[in-house]
Amino acid sequence: MDFGATLLPILASGLAVGAIYALIGVTYNTMYSTSRVMSFTSGQLGMLGGVLGSLFILRLGMPLIVGFVLTIMACAIVGVVTEFIAVRPVLKSLDQHLYVLSTLALALMIQQFTAIEWSTEPQPFPRLFGLGSGSFDEKFWLPVAACAFTIGALELMQRHTLVGRAFLAVSEDNFAARSLGLPERNLRIASYALAGAIGGLAGFAGGELMLAFFANGGQYNFYGFVPVALGGLGNNRGSIVGGLALGLFQQAANFLVGGVFASVAVFIAFIIVLLAAPQGLFGTSTARRV
Amino acid sequence: MTVETTTSVTGLRNRPFGAARSERWSQLAPYAALAAIAAVLPWIGNEYWAVIGTRAAIYWVLVAGLNLIVGFAGQLAIGYVALLTLGAYTTSVLVAGNVIPAVPLPLAFGAATVIGAVFGLVVGLPALRLRTFYFAMSTLGFATIVTQIALAWKSVTGGGIGIVAPEFPAPFNTPWGFYGFCLIVAAIATWMSANVAHSRFGRALVAIRDAEVAAEANGISKVQFLVPVFLLGGAMAGIAGGLFATLQTYVTPDAFTFDLSVLFFIAILIGGRGSILGPLLGTILLTILPEFAAPLAAWSTFLYAVLLLVIVLAVPGGIADLIDFKNRRPLTDAREIQPQPALLSRVIARQPGSQPLSLRNVVLAFGGVRALDGLDLDVQPGRVHGLIGPNGSGKTTALNVISGYYAPQNGSVALGGATLELGHPESRASHGIARTFQTPRIVGEASVLENVMIGATVTGRATFLETLLALPRRATDERVLKAKATAALTAVGLETLADIRANRLQHSELRFVEIARALMLSPAFLLLDEPAAGLSADEIDRLGSLITEISRQGTGVLLVEHHADLIFAICERVTVLNLGRVLAEGAAAEIRVHKEVVSAYLGA
Amino acid sequence: MPTLAPEIPIPGTSPQVLLDVQSVEAGYGKIGVLHGVSITVYAGEVVSLLGPNGAGKTTLLRAISGLLPLTGGRLRFDARDITGSGPRETARAGLVHVIEGHRVFTQQTIADNMLLAGYDVPRRERALRIEQALAYFPEIASRLQVLGGALSGGQQQMLVVAQGLVRRPRLLMLDEPSAGLAPVLVDRVLDVIGELKQQGTAILLVEQLVEKAISRSDRVYAITRGRIVLEAAAATPDLPRRLEHAYFGHTDAAIPPAV
Amino acid sequence: MTILRRTISRRAFTAGSAGTLALGAPLLSRPALAQAEPLRIGWLAALTGPSSAPAVGFNRGVVYAVEAINAGGGVKGRKIELVTRDTQGDPTKAVNATQEMISAAKVHAIWGPTNSGEALATTPIMARFKMPNLHPCVVNSLIDTAKYPNAFRMAPSNSQWDDAVRGYVLKIVKAKKVAVIGDTTGYGTTAAGDSVTAFKKDGADVVYTAQIDSTQPDMMPDMLRMKNAGAEAIVMWSVSTGMAARMFNARAALNWDVPFVGHPSLGSGEVAGLIEKPANWEKVYVINYRSCSFDAAGKLPTRTQEFLDKSKGKIDLTNTLLWWVASGVDVIEIFAKAVTETGSSNSEDIIKFLNAQTKYPGLFGTYTWNTGEHNGFPTEEIVMGAANSSKDGALKLAPGY
């Protein structure tokens, strides 16, 4: 196989979309860690990162940094709104799985609102730095950089800040954390804000590649969930590995066999892995039930 | 819905004959009203109404099946439009004859039914292994894939250009003719889904949804009960797909939007889980609503989503809850549970067996903690056996090993000569082992009587197909189960609450409901996990005599309990556990004065 | 049950009510567990709450610390109404609940576990407070970088008690600190109670090991079926017999009036 | 008036009940008011949703024409009443709306739907009710004078587009080796497939063909393979502006100057924002029409220019295509003329009028329909335009004309 002509582009775009999927996976995990809820809004946050970035920087003409900060803040707010509207009210009855419905409803609302108020066509996303070209263009490595930055920052936060440790504590044993007097509710809200920011970052960093397009939300939702399922729920490293692997697999299939078969292949692989290892490839076993 | 065989069984007063009949009519009245409206529509409306009515009928054919999966079994299949797509393409392709020689319309519909059923199963199977959200995602993925394949497989599906849908022969080739046909299919679908819903299958599905652990203890295996409804749901979606194609006149992939999936799904939730009338009304509402709100077309999906959110947060019970007037009537506060142990013989009627339930050298460790450390235990039939010990001594764990929730690392559980399979809780009911739970596991949205009937799910004779078609054995099953459940409820003293929704009951009443449910198996052994917790002193006394009487019927009772007075009042033998081992075992009187035991029980 | 005056005057202090629990009701879902429980803890005293399994001891502690919402009754702590307060507020007020089961954060080091316990403590004081709390448990103070999950049950129990001490509580509620521990360690952990009492910390202890609990207490309450059935000074001569009576006998019958 | 008559007879049949009597009364008296009865035109428009751009353009022309005619006194004294339904491009909504227009709103003629997926479903229904129908959808099978004697196409069919593109590629670009690509949507797969077949039939060497997922973030590999295969022109069938822009950007990155020829969407205003630099949009030639093309001197045809002058300020021509607006105007005028000339709004009369048009001088095209041919748009009026030359929704003629 010709490296420059096929392998390099597959690697470039595979790692790039893989990094976006991985970050969406981290978004899922971050929400899950403090609430045991998986939210359909995760992918929509990624979509919003692209759309809002384009809105602020291109349409409203703000400077890059202002647009970036506003995008991340707006996505963080959407994350918090998710917690308030779709998660907290159903938290008491987690076993009824009402969160599947409430977050699906909110995700649909976000997507439809964007389709109507923004555009149903993909819109341009600003060229951020103008660095690189070809397979080394910034649009390919920005998502990877964002992914590396996020995972690094998360690890740093968890290891070296008290808030980070508190997140871990709440995630490991919510009840014990509460009994210690940790502000569990605030931490949960904060984790949704953080998840929103991570999702927004994924969409923003991937904006040049994926454009500001409302339908990206649905794509991110599914393809961002696959790494979570593969890597094991709540396992960020698993998500990163799973996301990058998915991106490479998908793009390779895309380039080698064509679009439709690529999605069918991804879906079948997803189902087979899940049925064979419902806890994911890096997951741990289930809790007691009785 | 059989009337009054209960009187003869229990020999007690029950609802008067006429009351049951009028209740039955009040249940059927809404359907009759809908049928009447549907029947007069051709005389008051135009063909536009015919198309909308037809669409509602077709969607309902699908939703009626999906309702059993989502509304009853609680499996969140959100990508069901995929099966509609399959049905539409199957009939169209077969009738068009572009792949194999054209087949007649009825045959094509037969094929759509089969293909729908097969893929209904394929879509559903992951539910047996995957968690809710994962399953929802996998159905979503499946929907995407089916559309993509429809686009790509041009030689069969016509790709984006699509394929001509089959036309119906006269008299069904006019809007009103086709409307009539779809109405009949919808009526049959309603009838079939009601047959399933009001049978042991329907109750088992609801149990899987709301009380999965209890369902297993009652012998309800997910595979056995979900597989038939996945097949049925798929088959009905396949038929709906064929009808949908004809209504559309032409099948293209872009007709099968995700919005349609959302519509089906929301129709069920708006209607209310575990109801048939509710989702039917929901389907009609969601089909008609956009027609009145044409200016809002662009926002329709958004508004559906808002509706979904509002329903989930504000009215989780949906329409069915709003129109459930029966359960609005306040219950009297001053009600007492008055068991009638004398009536137990009608429920249990078991020849005293001679086979003990034995645990031998059972070892079960969680991580490094040995919850059971070589436990030996024999429970004799027809006796009450107490199991006591401090917290964490392994009492409940022992119960869970017997009832199959935990598979111990070592040791065996045997009933007489037969070794029980370790793990596999759903296999215990067939061995005659029933149990209750520390926290009552009840289907809150079902009536008390239905909850009790769940207990004898495995004893039903009618197959799923017989149930679907309301063949005689289904009616027999219902009659027998209902009579037995009424008798069991009377025996535990709750017969007056039979028709009340279970989530309206007090905690103490739920404990007795669980016992009644367990009695439905006529169990050889009954495992009770802290049945007295949360009961008043009087209630505990009544519980005690009920348990004693149960054992006199030949049932062996293993009683895990903290209330020492109850234990020593009714147990013939008592085993004391500590740190997963037997600390002492003997007659109740010996144990009571056993120095070591007293201090262990107090906490030594 | 009327609140009684302390039966043993606490040397050097005037009996000051620290915790006042009045007719508290609480439960899980529909299951009512506590049916009007009233107890009092005075500043600086050690009170044991005894009772058979399922009597509602743990539930009472959870209701007091706000981990479980009340369905009735009032709570006062340190002369302030804390009815309806969450665990965070009660902990800040100096009412610390060490829950049962030595639930440390297994993925984090001892040092991090301690830091988490001091989440609200001003940053400047945190290190000092942690050091002081760990001073009671040299066994773990020397192993700060070990993960919580790598500790033995006894060490985990020491860790959670130490976590509770970081806040310098006025009342420490310990739920079954002995559960699952080897006998040597049981004494090791329970002996800390005495040291804490010396420092003026009041303790509400739930314990299965009745004799050990009584020996370290000033007063005891017995609870069965969600009701207080006995209150007595720990020194009451026939206490074991009366306790047995309270557990096994019928609710109110045949219990001699408390001294 | 078969439909109306049928309804009346049924209503007469049930007139015994008070309710229907009240409902029936205005209907029964309707024939007497026929003179003043408005001319109702159904307009099945995908005004929102993912494929709404054409309908939005058509709608501007439609509304303009209706207002203009009504302002001038209407059609023989009858006002035109538009019955617009937003189908969102969803065939199920289109079917409902069609039946509503026919049975409930009782329109006299229907314009639309505007995309093929919907039209495939609605056309047989309209045929069943003999509803005069004009639509611009490209799928060949939509026009069948035997099955659908009521349906008329007022835009080119797919094969006409295909012919025009192929003609340009083979005769004017003189490419020998051609790459044909489509996206994975229904339209893309079908159009690309047909195009490949036709190229091969004409003896061209189709060196590369692919269906490409339009959401695929990087088009470089396909572009490289086309380059390696030696393609001299790339024919692209996709409505995805995102995919088009990515293709153009990839071509620029390769420093390759191969021409793109294809679907009008390649020239959509949306593409302008998505290309990395304006030069990337050079050498992209899209299907356009004589009536909406600037000649070498930068002039539009007289008729078009007159219309633009007349409608200046009344129609927004930004971010839409002139031919969409023009055909919207044409449709209303044709229906109006049918009623004016035949003096009747009966469906038979309107259909008869349409079947008798030879070189009807529309704004968009010169339409010819007769009983044997309902493809009304002349192939010779289809030309290629330079994608990046849009002004007022019209394009410059591509080089070679």
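Letters are used for the chains, namely A, B, C and D, taken in the order the chains are written, and counting of residues starts over at 1 for each.
What we mean here is this: a contact is a pair of C-beta atoms (placed from the backbone, for glycine too) under 8 Å apart; a residue touches a chain by one contact, two chains touch by 3 or more.
These numbers come from a predicted model, not from an experiment.
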item: Remotest chain, chain C as reference, centres from CA atoms; value: D
item: Contact-richer chain pair (by C-beta pairs counted) among B-C and A-B; value: A-B
item: Between chain C and chain B, distance of the C-alpha-averaged centres to the nearest whole Å; value: 43
item: Geometric centre distance via CA averages, chain B-chain A, whole Å; value: 35
item: Separation of mean Cα positions, chain D and chain B [Å, integer]; value: 52
item: Chain centre separation in whole Å, for chain D relative to chain C (CA means); value: 79
item: Multi-chain contact sites of chain D, meaning residues that touch two or more partners; value: 48-49, 184, 211
item: Chain B, residues touching no fewer than two other chains; value: 148, 151-152, 298
item: Sites on chain C at which at least two other chains make contact; value: none
item: Chain-chain contacts as defined at top; value: A-B, A-C, A-D, B-C, B-D
item: Residue ranges of chain D in contact with chain B within the complex; value: 7, 10, 14, 20, 47-49, 85-93, 95-96, 99-100, 102-104, 116-117, 120-121, 123-125, 139, 141, 184-190, 193, 211
item: For the chain A and chain C complex, residues of the former touching the latter; value: 162, 165-166, 168-169, 172-173, 175-184
item: Residues of chain C that touch chain B when the two form their complex; value: 27-33, 52-55, 176, 179-180, 207-210, 225, 243-244, 247-251
item: List of chain D residues in touch with chain A within their complex; value: 48-50, 52-53, 184, 210-213, 215-218, 220-222, 224-225, 228, 240-242, 253, 270, 273-274, 276
item: Contact footprint of chain A on chain B as seen in their complex; value: 74, 76, 78, 126, 129-134, 136-138, 140-142, 144-145, 148-149, 151-152, 213, 258, 262, 269, 298-299, 301-302, 304-306, 308-309, 312-313, 316, 366, 396, 400, 405-406, 437
